[in-house]
């Protein structure tokens, strides 16, 4: 188990710098938004929290296909499936590794990027909090999508298509927490719902992912 | 320990490929499958190793007893040879990788990233992985592809050690493995016959 | 015959037109695919009946 | 003696539906044509909505079928997972494009209706938004079917996707409600006389809904047959290759 | 040449439905934006043209790694490089195939998605026009990025990182055309600049891409 | 037509692997490279085929004369066997693919998606591609991996036909190719010696 986690982290760091690239993509999205919508800071402040959430969602998404595809191609997944580790555990570990290399850096970096987008002062806490609660769900849901598309060559776009609708509830509640926080409103209800979704996804989806993976490995 | 396969039928892409395959491999024995290209050796091995479901028949051992090595070796190019092996040793909880490095003469290469190995060196690493799994049944698909003469001897030596330790091995190949004592099974007689046409049921055939 | 649709004539007519076109297209595609699949299967069944 | 599962045999399914199909399609045509003609030609204008109320005869049945098609796929997927009857997996596959088409009709007629009523083609109303998400689920489901070569693998994966997707679709529905309050009409088909629309519109609407349901059933029969035949063709061709 | 184009189109269509998936991703981005920034239609109308541009840019980006990576992995690229076709031409054909499967569908679909975002009436023409002028540049620049990262396994994120800054000028002028159009202002200057960038990229970048590819194939 | 290689030095990963390699292959002749795993055969072949630059030395023919086939076959899994071959025939403008299908007995498989072939069948398709390139020099790295006995014969036949047509072939292998008339070159003597350490110049070695 620990061996799998360390290997995945090591691979992420060595093969094209896992940590850095998710962040870099996030940065680029944040930088491009003002070019797209124009530089008025009032407008930017209004959409800042939403863009931060969208940016981290897309950054997560782009790194999903790494979760299983490489292991599938070189046959490691076949071996892992017959190894004396329950597949559910292996899937959870993979999701954890994805979160550590993608989700966590995004949470840490969000305040900095918030500054670039003129995020209003009281918004920082809720944005970070909502990302901290929400990104684990993104990783777990993404792992399910990656398991679904594992046999398909360059399934990247298909993966996005399958996963993004599943991201909708997380995004809605997460962005709602962030937006209400920025407007200095009470955000306890959406935060509870967000936490609920995260816990539910973490508790249940690994079983679905493992089942899907078993089918794909047949 | 013995591996008994009875009346096995295997399919690929929904098409039955082999049927009525039965054989027994005792501990300490190696069985080599032979047959022309496309006759279904790979499919049979994957089924026995538990990587795909059988159409019919029984496989005497559960898949936790098997270690499978096919055409792709599960090697990570960015990890070193030692890290690659150590990972599998940890997953299978078998401890030391020294014997495996020894058996395939990988000590000189152990700190090289696996991606920079030549075809034959990669293959040796892939086979060394079999040793660290500690599993009693080795299922090997064309194991000596790309190996030179001395590496084929290393392979034969490793298999003999495995057999002496009470293991057993099932292999498919077109070329000589250097294992003269191994029993050979030609799979051609088991070729699946086309089923009757009007037997149109759940399997669409 | 034509009922008086008032100022919303375009909306009502276009929604009927679009929906009917979509439904007819769906039905037509389904029927065409069905025919093709039937013909192909007959073909293959006949052939493999001869050979096997 | 005759269990319903007998129809899970592809051959039996084709034989039975071949017999039923003409009747179902005829009924569907009759109901659709009469309902739409009744609704279009012989109902009065609404005092508030004017003649746009006539869009209801397309919009509501399509919206209902869009949801029901997904329900049917969910049930069929469960049947496949539990009992592994190929016909049910193929029926789910056959229903998806129909459901997606119905979703499109509901969206398009709604958008056309929205222009005069709300002054905009599109509004991020919860009902509308959740329909858009439902459409995405349909797209993903069909794309997954199309992308996987092995039919049984595809059946397994898509049915698990359908299960997980249903849970998330439900979650999205609540999330969307939470996120924005709507402009859209409430449910007007309720049995409660006070609630539902005026009888003048109600009866032709019922006929149209029956027509859409029959059309759906007929199309599912037809398309499932097609899928079965296509699958058998693939199996036969594969066997033929084996012969060589 | 024609053989290469038809093969690429065929591969795009067979392997996971080339045309559809780029569009689907575009649709998803457009759908998710309101969840992120909130449903107020006035706000959405303001950012609509920018989001359309960002969405098509990201949809383009995600499909870039298909351009060379598969051919590289299975060795076709080695063979293409020694084939009696100038590599510059092969690269241009690949870019054309990418545009046909990704850029063109986006241009066609943009008005529909504009509707979802409450794009103001006069904005439709300029948005479509700017995308029509701009997406070819996106494909050509993307091909250059894909050529740069061709040897790297799962180079997806790295590719984004390299390509996005190169997309900035196109994005700026394209979004400017769209925004001025929506505000009923004169947009001929940015449009000329956009057209200039496209023509320049199409004329010159294939040489750079071919050079880079030759280095990578050594 | 003849391929003359003079004093060639090749490197992989920045490390010189072979040096001082010289040989000549005449039209109608085949040369087989031999040597243990990791001695540099693949590197040498890729250099001769023009896929990587040489450290030193000359290669007599430009790379437009060469067709190279390595471990990966450039096969698209979603295209059929025929479409795969036809594409290369179109790119190399050589017209018909019938002779290639014939030579490797692929006629029965020609409408199958290439992804569903067995290992040996894929290899046959990869070799058939050599025929449709119409190039005079074939550079083949372990061409008979995974092939059964009859397929090895097909391969030998195809090479002989190519040689009779005035072509030439350069191959690396560990196993028997069925080409007894081919000349064999052992590359071990050309192993690069470690250069003097203080000779630290532009190549950092």
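In this document, chain identifiers A, B, C, D, E and F correspond to the written order of the chains, with residue numbering beginning at 1 in each.
The rule we apply is simple: a residue touches a chain if its C-beta (ideal position, glycine included) is under 8 Å from a C-beta of that chain, and two chains touch if they have at least 3 such contacts.
Everything numeric here is computed off the predicted structure, so don't read it as measured data.
Visitor: Where each step is a move between two chains that touch, what is the least number of such steps from chain A to chain F?
Guide: Minimum number of steps from chain A to chain F: 2.
Visitor: Can you check which chain pair, D-E or A-D, has more C-beta pairs in contact?
Guide: A-D
Visitor: Take the average of all CA coordinates in chain E, do the same for chain F, and state the distance between these two points in whole angstrom.
Guide: Centres of chain E and chain F (C-alpha means) sit 37 Å apart.
Visitor: Where the CA atoms of chain A average out and where those of chain E average out, how many Å apart are those spots?
Guide: 24
Visitor: Roughly how many whole angstrom separate the Cα centroids of chain D and chain F?
Guide: The computed centroid separation for chain D versus chain F comes out at 56 Å.
Visitor: Report, in whole Å, the distance between the mean C-alpha point of chain B and the mean C-alpha point of chain D.
Guide: Distance between chain centres, rounded to whole Å: 48 Å.
Visitor: Quick check: what residues of chain B touch more than one other chain, meaning two or more?
Guide: Residues 13, 71, 194 of chain B each touch two or more of the other chains.
Visitor: Which residues of chain A are in contact with two or more other chains?
Guide: 15, 70, 152-153, 155, 158, 161, 164-165, 168, 172, 218
Visitor: Hey, what residues on chain C touch two or more of the other chains?
Guide: 45, 48, 52
Visitor: State the interface residues of chain B toward chain D in the complex, per the touch definition above.
Guide: 13-17, 192, 194-195, 200-205
Visitor: Show which residues of chain C lie in contact with chain D when the two form their complex.
Guide: That would be residues 1, 3-9, 11-12, 14-16, 18-19, 22-23, 26-27, 30-31, 33-34, 37-38, 40-41, 44-45, 47-48, 51-52 of chain C.
Visitor: Under the definition above, what is the set of chain F residues touching chain E in their complex?
Guide: These residues of chain F touch chain E: 49-53, 63-64, 66-68, 70-76, 78-79, 83, 86-88, 90-93, 129.
Visitor: Considering the complex alone, what residue numbers of chain E touch chain A?
Guide: These residues of chain E touch chain A: 15-17, 21-22, 24-25, 28-29, 32-33, 35-38, 43, 46-47, 50-51, 53-54, 57-58, 62-63, 65-66, 69-70, 152-158, 160-161, 164-165, 167-168, 171-172, 175, 179.
Visitor: Once bound in the complex, which stretches of chain E touch chain F?
Guide: Of all residues in chain E, those touching chain F are 2-4, 7, 10-11, 14-15, 70-71, 73-76, 78-85, 217-218.
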